[in-house]
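To keep things simple, chains are lettered A, B, C, D and E as they appear, and every chain counts its residues starting from 1.
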Amino acid sequence: MSVPYRIALVAGRELRAERRQPDGVVAAVTFIAVLVLLESLVVGPSIARDTDVASALFWLALAFATILATMRSFDRELEDDALEGLVALPGGRDALFGGKVLSLATVLLLVAVVGGILSIVLLDLRIALPLHLLVVVLLGVLALPPIVVVDVVLALRLRARAALVPILALPVLVPQLVAATRGTSAALSGDAVGALSWAGLLFAFAVVYTVIGLTIVPAAIE
Amino acid sequence: MSVPYRIALVAGRELRAERRQPDGVVAAVTFIAVLVLLESLVVGPSIARDTDVASALFWLALAFATILATMRSFDRELEDDALEGLVALPGGRDALFGGKVLSLATVLLLVAVVGGILSIVLLDLRIALPLHLLVVVLLGVLALPPIVVVDVVLALRLRARAALVPILALPVLVPQLVAATRGTSAALSGDAVGALSWAGLLFAFAVVYTVIGLTIVPAAIE
Amino acid sequence: MRTVQSGASLHDATVVLDDRVILRAVNLDVGPGLTLVRGPNGSGKTTLLRALAGLVPLARGDRKGSGDVLYIGHRPMLLRGLTARENLEFFVRFRGGDTRGIDGALRAWGVGEDMDRPVERLSAGERRRAALARVETEGVPLLLLDEPFADLDDAGSRRLRQTIARARDDGRSVVVATHAHPELDELAKTRLAIDDGVVDTAA
Amino acid sequence: MRTVQSGASLHDATVVLDDRVILRAVNLDVGPGLTLVRGPNGSGKTTLLRALAGLVPLARGDRKGSGDVLYIGHRPMLLRGLTARENLEFFVRFRGGDTRGIDGALRAWGVGEDMDRPVERLSAGERRRAALARVETEGVPLLLLDEPFADLDDAGSRRLRQTIARARDDGRSVVVATHAHPELDELAKTRLAIDDGVVDTAA
Amino acid sequence: MTETTIPRGNALPRIRPWLGIAAAASFVVASVMALFWAPTDAVQGNVYRILYVHVPLAWLAYLAFVVVFLASVGWLWTKNPLFDAIAVSSAEIGVLFTGLFLVAGSIWAKPTWGVWWTWEPRLVTTAIMFVMYVGYLLLRGLSTDFSRRATRAAVFGIIAVIDVPIVHLSVLWANSLHQLPTVLRAGGSPALDSSMLLTLMVSLGAYTLIYAYFMTSRISLERARQERLWTT
């Protein structure tokens, strides 16, 4: 069996469990919805509708959703030692990172689409460059999971793992979050060049961290 | 053994486990820190420093931290069926709610103090009425956990529990979040009467939900 | 009313989980002595013990008994993050008991050296032993033990059999559900056979 | 090199956890047939099996063997949220095998009716049975079973003994760590006694 | 208490058809009055007639959620399954009515305020109330067995009712666009033309009958489901 096939299998297993217990998706969507509701209720719609503020909140919520979803995914694996069952399979170690990243990106894409539509409708945002926006969101969604999965795996056996993951992940994520926010803001306000150059940066992040993850994680698991 | 003593025991057990694996605290503090950083980095310090925006973000982060910490606390209880061991004790059911609320409030107070100092320093906020601010924060911290604990208990062992908890809890929390935000903003900007009247409302929320929880949760656990 | 004081009883108890009937109209009175529950996998032993402990809502019927129950299930029920000693201290304090016996009990159960390590770093049998030490540290009149021999080595099993025999002789009510150790049958006052949720008291 | 093909071996393997030595310089060659691991609680049986499966880093020494291992530990290792059938399908597909035998295997292990329910809603024994059905659905040359009799009723234990005997007769390598079932000793080609991390092959 | 007015057992099927007929008839009368008989509003013109749908539905949604609350207390107190049947039924109807009056209000808002939706306390609190009871139904749907489902739902039904007075009082917060209380004013008489008031009251009666009819139908459905469960 080839590695991509196995990665797809791991992702499929994950997505099926996630469909049964849609922890990540719904939590993230509600979070974004409430964030938007509360923001506009408290600071007034004019500030909340500011493209910078709106996109910053959106990506923050998404980053947090990534961390949450990844941690829950591994929590589920640790119950009844399911992760050990997977790693003990021949090639299991190599497929783990890819499978997790793939399934998480799928989930996050869903969250981003729903959350994005919610933000746009609720805040009555005007989108100057819809296609650019789509590209930025897609690349942003691909750039978030690899680093978070690596961090969760690194912290897996450690005592304070739940504490460690945000500490490890968030600082590393800040550049990506800034890039995603700037890119989104640019797409919303009609700055095509800005949107594309930020998107390029996001793409670079996604590639670099995915390569690092595929190389490092198999060794880091045991 | 009296009920308060048992509640203290449950809270002590929880805090000890939390000290070993400081899941809730550190995650929440990092979250607030990154929120503040990102906000001021992306939207510019002038908007982020707006007392309304700053206090709204602070309380939103705290609400999310409450949900996270509560869910992780019960996750830990579900491993190896520890919760069942507690509930099977005579009076265990009655002490559970109080113990969890007490320990969570302690953790959250810590998070609020650290997160608050961080926000004040990073955003360079000016505090007009420090004492009023303290009262508002204290009462806000007491008002959040009861409802979240109730909702987590309700969603316990359900398939989509992680998704359900934010959906159930956040709408109920909105009035309290508004009150806390307005109160904080009033204390920051020097409106003493406003701060105290919002604090009074928070106190009422805390009392009402604690009484409801103490009455109802024992029946809801089984 | 000795029976109710140190026991528990179910009347017409019916348990429904996932809209399937798991226990059917069970009538049972657990008094002092050893009650042994036998039955194939999935027959409802765990559910019966949980019903006796008051941990599962009854769709019909009711449960009587004092709250003074010590229930140890398939899993050791110790909170991760705490050490074995801290876990046992919590339980004893909660019941208003004396914590001085804990060290001795844990040592007697063979986890003396490991009692200050977090329970999640113990081996399966060590964790089981720490949980079973509760039988000694919490002097509770009604013991409900679900498959307590799992993961125990021969020495541990022997010790558990002795502990059960001693509890029985002290007039405590002991309910044990297990597939193992047929020789326990001799100690038992009552043997219950359970199949598909129906309890047969005549076994 | 038949032995290595269907087996695994450890040379001078030393495992350290929490700065304590758990396995001490173990030399072991597991070949076709049944290898039985006996030893008191906390002696290192689980750690030995995990070392053979390549799941635990060795502080010294090394492990040889193909990756083709089926390891079932104290816990059933099935992912919650998925049904028993879905779990087994995943494992079989991952190994590139044929999923058609799964229904039959689960039915033979007595979880036919329960195979489409999420595994967390099965009884302890049912979950164990679903996990053990993997021995049949994944035709793996090296089996590592840690306390596989736990929670099984008599029929389940009998079936497991037969399964072990059949696997042995088929020339597969089977390593079983258990406290129970002394009669297994007769089936065993090798009996290992382990105590405090030291493996005695002469037992 | 509302629940004692719900007939038990065999009385229900006999009353229900009559209730249905009365509800249908009064709905026709109310619609005719609202569309043709009531005078045109001096300021808003004919759009204002949405009032006769919007307001009664809003009040009945309140009632429905208060009934959920009472039935929840009843279940926790007595563990009588009838209370659970009342609670689900009322919650479902309440969510339906809330959805409808939200849509009606939104349709009304477009011509009068120029937008479908604004960030305004009553609108936001109404949306929150809606989400809360959708959450209530989700909680029910995800629970697996009867008594746990009933108990969990009851607890949440008790908590969620707190939002009803919040929605009602929300207009009193600062800068509300939404109509201040015109009918249910603390002290003083309604500030409404008398024929308009009469139409509103008839509409209210009609929707109350519809609510009662829906309730009896839904409750008997739920009772039948419970019985099937009990007999297996």
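Going forward, a contact is a pair of C-beta atoms (placed from the backbone, for glycine too) under 8 Å apart; a residue touches a chain by one contact, two chains touch by 3 or more.
For clarity, every value in this text was computed on a predicted model and none was experimentally measured.
Student: If you check the contacts of chain A and chain E, which chains show up for both?
Tutor: B
Student: As a test of understanding: of all chains, whose mean C-alpha position lies farthest from that of chain C?
Tutor: Ranked by distance of C-alpha centres from chain C, the top chain is E.
Student: Of all the other chains, whose mean CA position lies farthest from chain D?
Tutor: Looking at centroid distances, E is the chain farthest away.
Student: Residue numbers at the chain A-chain B interface: does the shared fraction exceed half, giving same, or fall under half, giving different?
Tutor: Chain A vs chain B: same; shared/all numbers exceeds half.
Student: Roughly how far is chain D from chain E, going centre to centre by Cα mean, in whole Å?
Tutor: It comes to 60 Å between the two C-alpha centres.
Student: Centre to centre, by mean C-alpha position, how many angstrom separate chain B and chain E?
Tutor: About 32 Å, centre to centre.
Student: Just curious, how far off is chain B from chain A if you go by their C-alpha centres, in Å?
Tutor: 25
Student: Using mean CA coordinates as chain centres, what's the chain C-chain E distance in Å?
Tutor: 50
Student: Can you list every residue of chain C that touches 2 or more other chains, as numbers and ranges?
Tutor: Each of 17-18, 57, 74, 118 in chain C touches at least two other chains.
Student: Scan chain B for residues touching two or more other chains and write them down.
Tutor: In chain B, 20-21, 79, 159-160, 164, 167, 171, 174, 222 touch at least two other chains.
Student: Touching two or more other chains, which residues of chain E qualify?
Tutor: Residues 128, 144, 148, 151 of chain E touch two or more partner chains.
Student: Which residues of chain A touch chain B in their complex?
Tutor: 20-27, 30-31, 34-35, 37-39, 41-44, 47, 50, 52-53, 55-56, 60, 64, 68, 72, 75, 79, 159-167, 170-171, 173-174, 177-178, 181-182
Student: What residues of chain C sit close enough to touch chain D in their complex?
Tutor: Those in contact with chain D are residues 17-18, 39-42, 46, 74, 110, 114, 117, 121-126, 128-129, 147, 150-157, 179-180.
Student: Mind listing the chain E positions that touch chain B in their complex?
Tutor: 76, 128-129, 131-132, 134-135, 138-139, 142-144, 148, 151-152, 155-156, 158-160, 162-163, 166
Student: What residues of chain B sit close enough to touch chain C in their complex?
Tutor: Within the complex, chain B touches chain C at residues 1, 6, 9-10, 12-13, 16-18, 20-21, 76-77, 79-82, 84-85, 87-92, 95, 222.
Student: Please output the residues of chain E touching chain C within their complex, sorted ascending.
Tutor: Per the touch definition, chain E meets chain C at residues 144-148, 151, 229-230, 232.
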